[in-house]
Amino acid sequence: MKHHLTRALAAALAFSIAAPVFAQTELSFWSWRQEDVAAYGEIIAAFEESHPDITVTYTAHEAKAYNTILTTALAGGSGPDIIHTRAYGSLENISGAGYLEPLDGQVDLSTIPDTLLRGTTLRSDGKVYSVPFATQTVLVYYNKDIFDANSITPPETWDEFMAAAQALKDAGITPLANGTADGWTIEVASGAIMPNFYGETFFEEVTSGATTFDDPRYVTALSRMAELAPYMPVGFEGVDYATMKALFTSGAAAMFIGGSWEIPSWRDAGLNVGFMPGPAAEAGGTRMVATWLDGGYAVNAASPNKEAALEFIRFTATPEFAQMLADKLNNVPAVQGATPTDDALAEIIELQENQTPYIMLVAFRFNKPTGSTLLQDGLQQLLTGSKSAEEVAAEVAAGIAAAE
Amino acid sequence: MQTADYARAKRARARNLKLWLAFLLAPPAFILIVFVFLPMASAVLYSLYDWDGLVRKEFVGLDNFADILFNPNKNSILFNAFWNNVKVFTSLMVIQNGLALVLALLLARNPRGYRFYQVVFFVPVILSTVIIGFQWKLFLNPVFGLVNKALHYAGLSDWALPWLGLPETALPAMLLVNSWHWFGFPTLVFLAAIHRIPKDFIEAARLDGASEWRIAREIIWPLMAPAVTIIVVLTFIGSFNWFEIPYIMNGLEGSPQGSTDMLGLLFYRTAFGSVSAGGSDFGAGSALAVLMFIFIFIFSVIATKYLTSREVELS
Amino acid sequence: MANIELRDVNKQFGDVKVIKDVNLAVEDNEFVVFVGPSGCGKSTLLRLIAGLEDLTTGEIHIDGERIDHLAPASRGLAMVFQSYALYPHFTVAQNMGYALRVAREDKASIDKKVYEAAEILQLTEYLDRKPKALSGGQRQRVAIGRAIVRNPKVFLFDEPLSNLDAKLRVAMRIELTKLHRALNATMIYVTHDQIEAMTMADKIVVLRDGIVEQIGAPLDLYNTPDNRFVAGFIGSPAMNFFKGKVSGVHEGGAEITLSDGTLINFPGKNGTLSVGDNVEFGVRPEHFSIEPGADGSLRGEVYAVERLGGETYIYLSSDSQKEIVVHATGDHRVAVGDRVEIGFTIAQSYLFGPDGQSVR
Amino acid sequence: MEKKRNAGLETWLMHIFLVGTALAVLYPIFMMVMSGFKTNAEIFGAPFALPKSFNFDNYIVIWNTTDVPRYLLNSTIVTLISVFVLLITGTMAAYAISRYRFRGSIMVSLFFLAGLMLPLRLAIIPLFVQLKAMGLVDNLLGLIFIYTAMSLPSTVFILTGFLRALPGELEDSARMDGASELRIMVQIMVPLITPAMVIAGIYNAVPIWNDFFFPLIFIQTPENKTLAQGLTSFFGEYSVNFGVLYAGLTLAALPLVVVFIVQSKRFIAGMTAGAIK
């Protein structure tokens, strides 16, 4: 017993001093993207090849706790040299606190469209703190085999969509895999359905204050969401993200509304999947897709290796990097100039012609309560039938107005 | 030897005793102060400042407290969470500790398999909350879950509900899971207390012709008061710090519609922010932590005092 | 082999004085019993001597040397506790030898001393057992053995027999007395049982509320109690007390009127009494005779009789006295309901003044 | 063995209740272990069924993607040392509080009781700042200190109760025997509360072994990760491979459950027998 303890103590001590010294600059790089570890390994290898004096270590933290881990480390005067940040409100929380290095003038950002740069710009000083990395797009996925077996063609309008759903339901198949247990999944679903009903101009109007969320267009869009309920799984109130995916991959459900990041997992599951934008309000109407900037790469202002870190950040703003992001991660890169080799990726980029901002994340996650909190709660209640579309819209509007 | 020498010798003995006590208390006190009380004191300090997210601004006294308590936009969330914690405490007292009491009384009669039951009942206590949370989340799944499947087989399809998805059932389901996790602990504590009651008391009552129920209520129950004190206080503290099960099973937002929101979740969201609910605010988070601490501390002390006063001395 | 002296010993717990100005001398080889009702401070006094409690003021000397500043083990004492305080995880031998092990004596000598003590106490066959496996009486003997092994100057006993049943208690009483003689040691013994005190003590110290009421040989306390408390505490059944008033004082004597009107003349006893003082008249149950007495008689109605053959206890009551106990030798044919007259003699009765002190 | 004659309705009900409770405990655990051998499709499609084959694919996935032996070693080091330090310091504090009257003793016990009610999670940021200043971030020693501090109050709470129940005459007797205070504590009193120490040890080892919150915040390099943390971070945001998850959970639970079952006799005897009579 005593022996073991001594050995254990010795081991513990050994770990604490086992920080080897290298001649070159070593950069730490934190992320929440655990599924991307291998791809980042390749990307980093490419960077290190051109920068032999710099080593980058990519650490992927547990996604749910990433915020806490990062926040605590930064507030404690610690943290990595390079930070994979989220965008919009989440980014402001740390850039506003001065933990990030402003990038204007230090990094060539000309390859990135302004709309995306806005997602990594601190509103109070107008500076960019993070190089946008990729956009996500809300899509309606459908199982081609099930559609074929039931002779259903991908619906283009809302009425067709409803009819297809009813046909599937009659055939004993759950039309839509989505549930409401994880609030964010239903917000994502709303990103596919609602924009085509509240229209192209609504985002500008509501962000500029010309209208509010109790606008009749928004109420209509909400009531469309309520019509999804009968086509969702039995007990959809308790269906969480994992269950949704299990339903769709197992072929128990025919459609899945989700983000563009899902594609690799459908491929892994060997599914014959097609995707489309949300249905148009009426025949010939536009079919918009909601998109948002997923995050970016930033430099820790307190990093002792700021120059080397900036070097890496400059690398992330190059088309070369964007190409790797598209090839290896199947992401739609924020940096322009990459040519997608993947068909699906190309298709998504095409769909983005008709893009609209994913409304709550892009514009209403800066104050509390966030638009997302309000909308998710509202959608849950709307779909269970405990609140009407008017009530939900009124509550969202009131909540946004009261937010500070 | 002078009188003064004797006095000095006595003082030396008293001083040695003090040194000995200091030797005993210093290391644990040091660890506790450095790793619990100092950080907590800093948290108290943090709560007195205005914070812009992660950056400390000016000293604002009790403004953060006033804000979370009296700002109508925020305090409804606070009160909802608090009320849920109250529900958790009362329900766990009834379900978890009630079950434990019944089992302890049964085991005290030394049934066949006595040892086996003791070990089995305690195994869930050993398992991590993560394991249990994930496990039961899957069991309660409306589509694949064993619970609903079992209900279907039993011909009770109407009873099959999306347990964790409905505001009415989510919290009760979690409470049952928590009870499943922990009931072995109070069972053993109660059983220990029953074993400590001298057998004569119970036998005398049995000879007097008292029913088992009467014996349980009038002899065993009052004499196991110290164990009850420990369990009530620990349940209280545990209930108001409840975090893991709701976090793992329904996430940080206390969904659906705040029905499983707890003070612990609210603190975490407020202090660190979350992807959906927005950025972090150390000031409000720390103020909430301080309020929780004060509340839990005061009530635990009062409860301990009250419960201890009704304990009966044995022998 | 030691004498002990307590000088002006006081002990206070917080604001509560539990021992008040105790002065006491214990002679070499003496068997001294501290007796008194519970809460009188007798155990505290013993613990002060042992060093388990610190004096508030005062001095304790053993063999002329002051020891109250010393740690318990340095005082040359051994103590036997009420619960025996055997170490449950040690065997009998380990229990008995613990003090010697602490004092780093060599193993052979420890074994020898433990064996010797065990022989005296007939414990040799239990040396390897744990206390759990012993009977009450055996545990008691181990506790005593543990004290013997240390060969102390003074043995201290704190109600050592109170956890034994009645029969064993009588046997142990005699054994302890024998042991005292065999060991030739000074012993201080605390009990609330006056029978233990009377049967074992060379000297009894009667305590009440932290004050020494009287010190003396057992029969001295019996025959000439200093005050009403000692008179009532020593002797079984307890002395009968009758309330009365001084109705006359004269040269060398006093005249008392009891509440039932009986007049009693006390020649040669008046102390500082004056007419009208409230006094109490005391007669031990065994000093009443069931016939009119030479110096006076009292009357009462029998409400209970206990006839044991060799002796008879008769319980009387009268208008002015709820209970009078009479202890007579032999069998007496009295029946419940009889009115009887009981006699007393002045020589075997006591008078206590308004301050409760004996009138002499 | 002949059963007693009075096996009446009441006794039957009791047995049914006990067996039912035991099943309710064991079945989910059985399911967890079984699910560790299943594929996702099996878990969703045939949840009640036994796995099609008892292959260790899921375990192999864990073994290949994560450094399980290192995590196991780290968790063992952290748990063992924490519990060891905890029991020593906890016993010291409990002994001082329960066996001596001294001025401020109530304050001291309140001080430790206060720690019991103070969830350290609430002070995570100052704690991080402090550990960083002490050079204990990303260091197993930091975790050991945190766990020891966190578990001290309950240890003191449990041990104080048991120590109070020991008769005072025992230590008086040892004092008369000439034993020093240290010796009385170590040789006489502490051996009598070993059951309580087993209780406090297991009671606190469980949350320490299972904790993933503090390692998430304080441990950054993979070599220093604990098992719970290593597995938690392994189950990435979008991977929903439940078979692997269950295999991991089983793996994480196994060491402690084995320790418990091996020690259960002592532990339960300690719990139910209470202090010495």
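Chains: A, B, C and D, in written order; residue numbering restarts at 1 for each.
Here is the rule we go by: contacts are C-beta pairs under 8 Å (C-beta built on N, C-alpha and C of every residue); 3 or more make two chains touch, one makes a residue touch a chain.
A quick note: this is a predicted structure, and the numbers were derived from the prediction, not measured.
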item: Of all other chains, the one whose Cα centre sits farthest from chain C; value: A
item: Nearest-to-centre chain - CA centroid comparison; value: B
item: Separation of chain C from chain D, taking each centre as the mean of its C-alpha atoms, in whole Å; value: 55
item: Intercentroid distance (Cα basis), chain D paired with chain B, Å; value: 16
item: Whole-Å separation of chain centres (CA-atom averages), chain A against chain C; value: 90
item: Shared interface positions of chain A, touching two or more other chains; value: 64, 68, 71-72, 75, 246
item: Chain B: positions in contact with at least two other chains; value: 143-144, 268, 282
item: Per-residue multi-chain contacts in chain D, two or more chains; value: 44, 124-125, 129, 212, 232, 242
item: Contacting chain pairs - touch in the sense defined above; value: A-B, A-D, B-C, B-D, C-D
item: Touching residues (chain side chain B, partner chain D) in the complex; value: 17-18, 20-21, 23-25, 27-29, 31-32, 34-40, 42-43, 46, 99, 102-103, 106-107, 109, 111-113, 115-131, 134-136, 138-139, 143-146, 149, 180, 184, 188-189, 191-193, 195-196, 226, 230, 237, 241, 243, 264, 267-268, 271, 282, 286, 289, 292-293, 296-297, 300-301, 304
item: Contact set on chain B toward chain C in their complex; value: 1, 6-7, 9-10, 13-14
item: Residues on chain C engaged by chain D in the complex (per definition of touch); value: 47, 50-52, 71-74, 77-79, 81-85, 87-89, 98-99, 102-103, 146, 150
item: Of chain A, residues touching chain B in the complex; value: 64, 67-68, 71-72, 74-75, 86, 89-90, 92-94, 96-99, 179-184, 187, 233-240, 243, 246-247, 252, 365-370, 372-373, 376-377, 380-381, 384, 402-404
item: Chain D to chain A touching residues, read off their complex; value: 40-41, 44-45, 73-74, 76-78, 80-81, 84, 124-125, 128-129, 131-132, 137, 139-141, 144, 212-213, 216-217, 220-224, 229, 232-234, 236-240, 242
